[in-house]
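Would you mind keeping the following structure in view while I ask a few things?
Read from first to last, the chains carry the letters A, B and C; within each, the first residue is number 1.
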């Protein structure tokens, strides 16, 4: 369970999160929508501990992410994140990209790590690309590799930060299919996305962020078909 | 104009001796590069650390290495350290001087290379649970070494050329030292030094070619 | 205060040495740059194939230690009975050495000018010379200047090697004082500081220009 309590975060003068309260249960798929600058991506990096927060608490399965005593490296093994820019490691092959963290962070043997990596890469449909370098692949393939790389750590939670935003429209589908598959397998996921159709389809709940505030959260049918908040209506009207 | 008779035969007889010297030259250059690379990586980490004292130390090293002559740096090792009661042999003085120079220039090259690696690479590593040192070692450093490979090769050639400075502090086993000894005995200056020049040229070219071959095998992406 | 036998006269001696360093550097960089520009333009115009001999010769200057070049230059002038004093020999060798590096900088600068830009100039009816003068030269200078500053500084530092031919430049002057006064650390530190004071601000300027004129901005 991820519990977010009154989280505030500023970059200099700009307050990007103005007191967020949110709980995500095990097995839930939550999508977060909202305009740019609404703070939704920042929230994900804070959950993963990549950004410090100014106030409030984020607790994952009883562990306070931003407490001094928390071993973030340990915690991050439990919480995978995939970014808008897939950040493939260019000096490693696809297989090596996925094997690296299981070997060096989890301390698995080469054979064990390879078995996991092959399984995850096969899972995302990249079984044929194992010995290829990332720059030889399309953005969609690299993004799927990044997903496999995160999954290879056997995380209990996955955070997806606009994973299709940097892709050519042609390649969005293959990545969304991968996410759908994960959702159907029961992975706990928080997806920040602009893909409304996808959000409606896979989510248990959809949260709408506006200017650092979670303006509305509801099951997809309700949020998309009967939005309560004025800003939500405006946003949905603009994106349709 | 040229009443001088060149005596190449006599000079060429000394070739085996000179080649032995060339081996010493290559040894010093390789050793100084190996140590220099390690120190340069440490200096780079110091500069990235955000700690004022460490990064100040690293910056001072880099700037002194780059803004004073290599020969001065060798003199410092040979004569300057004498004030602390440390008396280094010509070989050690030369090595220390070149290592100091190499480390400074290489650290600066690394800094340039790091600019080409996006922060998101570190972030991606950290998000997989790596410590910051792991992320540097496993993700940033390999890319940094690749980007900086050409300047590193150039520095290797520089290191070879710098070894010739040892003769000024009494080094007599490297190529220039051996040549100077032969010259002092026979006064066939031009012949001996011309042969030395050819050997230096060949070494420099061989190193460049070897580096290129190494790069094409190592960097497949 | 540090106790030292160093006198004002000694400092003046060091200053004279620094003057020698600067004189050798100035002459060599000036002559080497002129030569380098000429060779650079030739290399650029002829292309890699026809300029191969020139490329090879210049490469030799960059692959043989300067010290060896100085000794060879001195031996050559003695064999050829040119009767050059060490100062002349030093300047000639350092000029050629500078020219070898400068050629690459010039060629690099010229080839950084996009062909389309040059075509545009020629399409306006400019002659080859006008194209060079008004289009290529200004653009290439911008690209090359930081590297050229770096070269000038490295020649300044490398000029220390002329002490081998007996010229009393900054480092040799320091060495003489060290031998006489037996205070190696202090004197060498002064010597290093002088080099640093000359080099550092100019190096910073070069770095600044590079940043400011970088085409990626």
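Heads up, the rule we're going with is that a residue touches a chain if its C-beta (ideal position, glycine included) is under 8 Å from a C-beta of that chain, and two chains touch if they have at least 3 such contacts.
These figures come from a predicted structure and were not determined experimentally.
S.K.: Please find the path from subunit A to subunit C through touching chains that uses the fewest steps, and give that number.
M.R.: Graph distance in the chain contact network comes out at 2.
S.K.: Work out per-chain C-alpha centres and flag the one nearest the whole-protein C-alpha centre.
M.R.: B
S.K.: Counting C-beta pairs in contact, which comes out ahead: B-C or A-B?
M.R.: Of the two interfaces, A-B and B-C, more C-beta pairs touch across B-C.
S.K.: On a CA-centroid basis, which chain has its centre farthest from subunit A's?
M.R.: C
S.K.: How many angstrom lie between the CA centroids of subunit A and subunit C, rounded to a whole number?
M.R.: From the centre of subunit A to the centre of subunit C is 55 Å.
S.K.: Calculate how many whole Å lie between the centre of subunit A and the centre of subunit B, each centre taken as the average of the chain's C-alpha atoms.
M.R.: 46
S.K.: Which integer distance in Å separates the CA centroid of subunit B from that of subunit C?
M.R.: The answer is 20 Å.
S.K.: Contact residues on subunit B for subunit A in the complex?
M.R.: Per the touch definition, subunit B meets subunit A at residues 118, 120-121, 123-131, 134, 138-139, 142-143, 146, 219-221.
S.K.: Please name which positions on subunit C make contact with subunit B in the complex.
M.R.: 60, 63-69, 71-72, 74-76, 79-81, 153, 157-158, 160-161, 163-164, 171, 174-175, 178, 183-186, 188-189, 191-192, 195-196, 199-200, 203
S.K.: In their shared complex, at which residues does subunit A touch subunit B?
M.R.: 48, 50, 73-77, 80-81, 83, 85, 87, 89-91, 100-101, 104-106, 133-135, 146, 149-150, 153
S.K.: Residues of subunit B touching subunit C in their complex?
M.R.: 1-4, 63-64, 66-72, 75-76, 79-84, 157, 160-165, 167-168, 176, 179, 189-190, 193-194, 196-197, 200-201, 204-205
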